[in-house]
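Take a look at the structure set out below.
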Amino acid sequence: MPVKAISNYSFESRSRAELYGDDQLVNVWWVNAPMMCAAACFRAPREMAWSDFLAAMVYPWASSDPGFEASRASSWQVDGVGFSPDPSATLASLGVRHKSLVSFKS
Amino acid sequence: MAKLSMKERYAALTRDLDWDFDYVDSKEVFPYTTFEGIKIHDWSKWEDPFRLTVDSYFKYQAEKDRRLYAVLDSFAQSQGHLSLHEARYLNAMKLFLQGVTPLEYAAHRHFAFLARFLDSGGPRFAALCQSIDELRHAQTEIHTLSNYNKYYSGFHSWPKMHDRVWYLSVPKSFFDDAISSGPFEFLTAISFSFEYLLTNLLFVPFMSGASFNGDLPTMTFGFSAQSDESRHMTLGLESIRFLLEQDPDNVPIVQGWIDKWFWRSYRVTALVAGMMDYMLPRKVMSWKEAFELYFEEQMMGSLFKDLAYYGIRPPAHVGDAIAEKEHLSHQVYWTLYSFSFAAAFTTTVPDPAELEWLSQTYPESFDKLYRPRWERAAEITEGGGRFFFQGLPQLCQVCQIPMLFTEPGDPTTICQRHSNFNGENFDFCSDGCKSIFDKEPEKYIQAWLPVHQIFQGNCGGPSVPEVLDWYGIQEGDNAEYLGSKDNLNWLSWHDDSAK
Amino acid sequence: MTSLSSEASRAKVRVDLQDNDETAILVAAIRKDNPEVVVTHLPGIVKVTSPTELVIRRESVEAASGKTWDPNEFQLQLVTYYGHFSTWDEDEILISWPKH
Amino acid sequence: MSYEVKQQVVAPIRNAFTYLIERNGDRPATRYEEATIDLQPTENFHYRPLWDPAHEIYDVDYSALKLSDPYSFLDPRQYYYFPYVVNRAGLLESFGASLSYLESRGLLAALDSSWSEVMSHEILPLRHYEAGAQLITQLGSRFAYGTSIEQAASFSAFDRMGLAQMISRVGISLESGSSEILGEAKHAWISSPNLQGLRRMVEELLIEGDWAIALMGLDQIDRIIYPLVWMHLDDVAVKSGAGAFSLIAQHFATWYKDQRKWLDALIRAWVADPVYGLANTAILSEAVTTSSRRAERAVAEFAEAFRPLDANCPATVAELASAARSALSALGIEGK
């Protein structure tokens, strides 16, 4: 159902992919961590390697909780579908898109 | 000849001032009252029970303000701020000035829109009075809290903060949403859903809390503003009844607005829940108790039974709101604690007495789910650290709150909802927010989401200090309360040995 | 529908008033005309709850205070209410849920 | 937990809100400044209005008249809500006292027939003029950019509603408590030929979308009709023994002097603006040229009805219109 407006009402999304150039937004959710109140949002290059993404963004964030151990992160999913990422694969090639939700448990 | 009754006099002095235009088309004078699809057949059925005219308006409002400003002056002259229960209490008032005062101002501006564009003199006059009442509220709040600004952090840059800071986009986007809607939706949103359904949850327990924590000026402005609010609530209820009685085709439109605006308003009050249960050092009433009294008993118990006569059912997703009353304040305040490095207020681990109060007040949830987090946070503090969420959160596209809320029925799993529009993914904290988006995606894709804006480079720069500087946050405004400027000043201003 | 609305018309109504001397007089007048009200307190507030409806009569307030009283003055004490102002005229204020 | 307050004066850590310190230096701000400057949001609006997708929620383009710093205009009266309502409570109270006095002595009923005719069929219809003025001014309350301007417009709009009610109350008093005469007054507003120029101009200003241009149009009428009805006729009344009218008129004249203070200051600010001053002056000159001649004609037609009281009324209108043009000229606005 479209919005009811007095005249043509059409504006672009203020979060659309093109605003981020070669990068994109990626949401990361540590599913079973009560200390982490919400999933985090990162800006990452589409061509960033998975291992670099973890090392540069996900792990430093997860270390907000001093109990975080990188080696125990498992059950990875992207947008609800389980996957076993190749560390050298790029985010784009792994199917991580603009505003995808990457999740894990530990 | 008999003297005019109050009702006749009121009619002669308000709606009777209207006349039918002959030189211009009245649709051009009142161009905004048809596009929403609302059908009005007879404005003469509109009833304004207050029947206040300009002379009595000035008389009583002047009296209210004389009383209020006398309290403000004496509080300032006697250094009343030193008799607060604790400086920490003021964090609640910082959030109030940054988050609520600008909404009063926005209401002032947009009730002026109704006072110009509703096509009948009766409701226009009610909107006219409300418009300047709301200006009064903004100004009395500023004048009350200005005194604290001279001695405490976090109050100094509130208008800029309201336009920029992440957690303040929650109330700002809420009101922008209402203002950018048509006139009847605005009435349903603000006068009915916000003011009639939920405003008591914001003001009454909160102002009692102010009184209980030694903040006499805030209590005085709060109660004084609420007396105007009673008129505004009446406008809200009368508007809804009137719209429903005018045409059966209005019923589904109004129902859709009640569904949307109940949820939108309720999400804004999540900040209030955190304030009530955690930011007031001396507690008056818990969020849960206030919600049960002011919402479940009063609104669900009687109002919606009354509205059923018109074919209106309780708001969609109201069950989700009721189900999360055991959890809301804890989840919200934990989030504020986690992000207070980027806030213009400070937070701290509740002291043992507060933990005990929380445990007794929330026997179903606190000890099991939330006390352990505070114990971990306390351990981290004892180890010389401070727990913060070292990153930016995923935000809900509609309410703009970090996606902190849990699944209905499962308080251990964060609720994640998504929609695709024009090939782009959008995230939501709840079924309530997702359904709002799905009905008007063209509107909500425009949301200025603080996290996304930071990543686009629109908020002063990429690093946290640059963003905080752009927010107008100064050292001492943010992070941990214990050891903060306010805390240290407070201790130095009081005789510690007398404790 | 009938049963729901008649139930609604029996539902509670309430006024919250600022806790001060003038309110004490008002409450005395309210009690006289509404013997079934329950009066409770929160810091700064007096809550007056009626199981059915609540009427505030000018005559009674004037009798209690010994002064003339304009029902508009009620606004100076009123903090909030619950219900519906069915009447607000020169002689009385009635809060009730409407009877459809 | 209780603390004993040390016997000391705690020095403030700052004197004012940051945005006021940035503007004025670190000095305590007045309550007017605190209640006014920078209140209106200026950036990061979330959604475009469904009722006007071409604009932002607050937008400088709601008017052709602009200020590079909206707060270069400050209300010389320094009205924020509290002093405003206290002042107006005083105005309404003294108006009410005048009216009670007139009623108790039967002075309105005692007006001679030429005066009571003018009161009923010329003065009372002006309650609709004031009601229209409220709507016209209200547009600025919503759409002016910056709190200092919209606040003054908000109070002025509320004033116009108050003035409409004051005139209506005179009618109720004339009829000893009935509102029938107000019905006749409305009929006159709608159908008396001499009021149609005025009514037409008010109606047309209601469809002017630029709040500032609309307000300037209204002001061209005010500049003639206020001095004519509430000052010149007051003089006539005093001379002809119609003191009852004089007692009423003084309150309207008092209001108009107050209205002039903020509106003239706003015009001065528009003209003096370092960036937009020239453009503003050109726009104002054009708006004034269009509306001041029309206003003069409309008021002149209206004033025909005053001939039985004062044969010179038409000449007075021309003088007042000329004085209005001189006053605008002194502000930098030259009509053509």
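Just so it is clear, A, B, C and D label the chains in written order, and each chain counts residues from 1 on its own.
Rule of thumb we're sticking to: a contact is a pair of C-beta atoms (placed from the backbone, for glycine too) under 8 Å apart; a residue touches a chain by one contact, two chains touch by 3 or more.
Predicted model only: the values in this text are computed from it and were never measured.
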Central chain of the complex, centres being mean CA coordinates: B
A-D or A-B, whichever has more C-beta pairs in contact: A-B
Gap in Å, rounded to a whole number, between the CA centres of chain C and chain A: 56
Separation of mean Cα positions, chain B and chain A [Å, integer]: 31
Euclidean distance of C-alpha centroids - chain B vs chain C, Å: 27
For chain C, residues that touch 2 or more chains besides their own: none
Residues within chain A bordering two or more other chains: 3-6, 9, 11
Multi-partner residues of chain B (at least 2 other chains): 32, 35, 182, 443, 446-448, 453
Contacting chain pairs - touch in the sense defined above: A-B, A-D, B-C, B-D
Contact set on chain D toward chain B in their complex: 1-6, 8-10, 12-19, 29, 31, 34-35, 38-51, 57-58, 80-82, 85-86, 88-89, 92-93, 95-96, 127-128, 130-131, 134-135, 138-139, 141-142, 147, 150-151, 154-155, 157-158, 161-162, 164-165, 168-169, 172, 175-179, 182, 186, 189-190, 199-200, 203-204, 206-207
Chain A contact footprint on chain B (complex, rising order): 31-32, 35-37, 182, 331, 334-335, 338, 369, 372-373, 376, 380, 385, 387-395, 397, 402-404, 412-414, 416, 418, 421-422, 424-427, 438-443, 445-449, 451-453, 455-456
Touching residues on chain B, where the partner in the complex is chain C: 5-7, 49-52, 56, 60, 63-64, 199-200, 203-205, 207-209, 211-212, 219, 223, 226-227, 229-231, 233-234, 237, 284-285, 298, 301-302, 305-306, 308-309
In the complex, chain C residues that touch chain B: 1, 4-5, 7-8, 11-12, 14, 16, 18, 42-45, 70, 72-73, 75-90, 97-98, 100
Sites on chain B touched by chain D in the complex: 1-4, 8-9, 12-14, 16-25, 28-29, 32, 35, 53-55, 58-59, 61-62, 65-66, 69, 79, 82-83, 85-86, 102, 105-106, 108-110, 112-113, 115-116, 121, 125, 128, 131-132, 135-136, 138-140, 142-143, 146, 149-152, 155-160, 162-164, 169, 172-173, 176-177, 179-183, 443-444, 446-448, 453, 472, 489, 493-495, 498-499
